[in-house]
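This is the structure I have questions about; it appears just below.
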């Protein structure tokens, strides 16, 4: 079984040597980063954005439906909130792992966990936003003869928009953070180079992947602040 | 409708379209980070036994050597026309074996000593690599899997310390560690409970003075350098060991086993893929000597070359691509 | 389901392990919270007292909250290496912003009348700060410390990936402890996080001057989300 063909052995080619910076594991090897950005980081960045976008979109759809339902049938709010809070409590490292036996080492497993993490934030913000609509506005609308449905869509939701947008913003930034942990089950994203770097101890990779994730989070947060202000110009941008 | 409502509807439409677009993408995702470097695998060769065969999913564990092995086998198979889906970095043995038995992957490269000790859970110390192979083969066949020929190279778990520490304390073998009042051994999580790990060290070498410090796999050399741990669990073909900074303690009792590598494949899938599948695997395996593996590990771990490139270069130099 | 009951069993069978890991976890969290307090509170209070630097002080918490925790740990691993110190520094970076912002707002928004009255009574600025502004600011300040503390305890789970120990060690070690171990570790962390929240809530109530207690708890800056166990 261990019989080897008696030959002179394989040809071992000369592999490219890393630069001195890389070989000595310097703090940040800019040359390596530039060379490898396209292969190592760029695809992961795209994956990360995808993971986040899917989670927030699906999470919003579910939370919105749940919030409207709870808004109409107040008794449902507490059970919904408790369930969503429970999901939020599960540590991310655990949630991703526990999904694997059920939905495999797939993006689906990661997304189930990520979507779950958006629910509490979005649900609370949407409902709070709706509740905080000034009673005057509602009365005026009713006085004008609007139906319940029209009241919701023409008055309450638009006025709740700032709170809803704030919720989307917080949820998105939270998911960007959690999506880095998703790489633990191999689905890619900016966490992948981080976990690989844990394997190799390559300082440049740690720093580069970390910085990219931080940048992504800050840029997205900034953009969403602008959207938040754009969508509700009649409200002074309070609460940053 | 008024402007506010319009804005709201636009927002909802944006979100909804994102969700729809995403659902479309969702189905294509299969093993994150799978295809490496987009190389052309169509060759104008008439010898393409892989064509027409079902696609096969291979997995790799969570460290450098396995990444390299995965790429080597994947590229060699693709050169023969097989469609290979590589799921990298699945996790430790216990996790990846579950992926195999549950059908998530069809096969992965395994260290046969680990097969015996960890997968089959036999707390015995086989006397030779042949014995290890036979034990592994029997075990897998009973479970509906089969293994390929084993590689010439072997990569065993080992205990290493810094050269200074070994010199200061007169350490040459694992047994010598008994001299110390107590010492820390840093290792990846699964090492703690394994017979080919801390358990075996305690039972076979009497090292009750060992204190376990859990480290994520890969951090052990940093931990040794910093003095965070006295000793660490390393792999014998790790590139870092060639630097001379560390002393690898010998394992006279063979607790860490014989660890040649073989591809473990699901039996039914292997049958469907035809005999050329294992034939291709074996062609690659027999080239993998200790020197070859160490130089490839070095290229990836120290020179930070992408494993796909390293594998490609090796296969090309040996006319398998 | 089955794994859940197995997890409870696991907790019972492994009390020593859980205890040791909890202690590690609390040491790390406690150190980070402590250092963050030492850095953030004085700065926030000082800026608030002077009514200076509002843009920075308010927005630093937005930036801080947006930082992906694993990414900060990753940068720390690159710069500081493995172990306790690295993770502690990362946790400080994640905790300090909220504390700073809350401390700033708390002091800055102290009732101007109270401050004026104190000055009229002849108090020096430092006395005003210590005898008037701080006591009135304590509740909101504590709210910030509380939020940050819970966040730190939750995020310290990731320390396991960087050699920092703690309950995360159990969660990343499914090979040894099985899925029941993963669930058990999660339960332990959740309990720890809730306990931290509770402990600080009690502390907050204890430091709220009696006169303010009727107004009820002060609200945080953002729509109130209590991040319990997730970074």
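The chains carry the letters A, B and C, assigned in the order they are written, with residues numbered from 1 in each.
Here is the rule we go by: a residue touches a chain if its C-beta (ideal position, glycine included) is under 8 Å from a C-beta of that chain, and two chains touch if they have at least 3 such contacts.
Keep in mind it's a predicted model, so treat the numbers as computed, not measured.
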- Query: Of all chains present, which has the mean Cα position farthest from that of subunit B?
  - Reply: C
- Message: Measuring from CA centroids, which chain ends up nearest the centre of the complete protein set?
- Response: A
- Query: Approximately how many whole Å separate the CA-defined centres of subunit B and subunit C?
  - Reply: 39
- Message: Using Cα averages as centroids, what's the distance between subunit A and subunit C in whole Å?
- Response: 22
- Chain centre separation in whole Å, for subunit B relative to subunit A (CA means): 30
- By residue number and range, which residues of subunit B touch two or more other chains? 216, 219, 222
- Per-residue overlap in subunit A, given as positions that touch at least 2 other chains: 101, 195, 198
- Pull out every residue in subunit C that's touching 2 or more other chains. 160-162, 172, 174
- Contact footprint of subunit B on subunit C as seen in their complex: 81-83, 160-163, 165, 169, 172-176
- Query: Can you name the residues of subunit C that touch subunit A in the complex?
  - Reply: 3, 58-59, 62-63, 65-75, 77-79, 154, 157-158, 160-162, 168, 171-172, 174, 179, 182-183, 185-186, 189-190, 193, 221-225, 227-231
- Message: If we count contacts the way the header does, which residues on subunit A are in touch with subunit B in the complex?
- Response: 1-2, 4-5, 9-13, 15-18, 22-23, 32, 36, 39-40, 43-44, 47, 50, 53-54, 56-58, 60-61, 64, 101, 104-108, 111, 153-154, 157-159, 161, 165, 183, 186-189, 192, 195-196, 198-202, 231
- If you look only at subunit B, which of its residues touch subunit C in the complex? 91-95, 189-190, 192-193, 214-216, 219, 222-223, 226, 228
- Note on the structure: Listed in rising order, the residues of subunit A that touch subunit C in the complex are 27-28, 85, 88-94, 97-98, 101, 117, 120-121, 124-125, 128, 163, 166-167, 170, 173-174, 176-178, 180-181, 190-191, 194-195, 197-198, 203-207, 209-214, 217-218, 221, 239-240
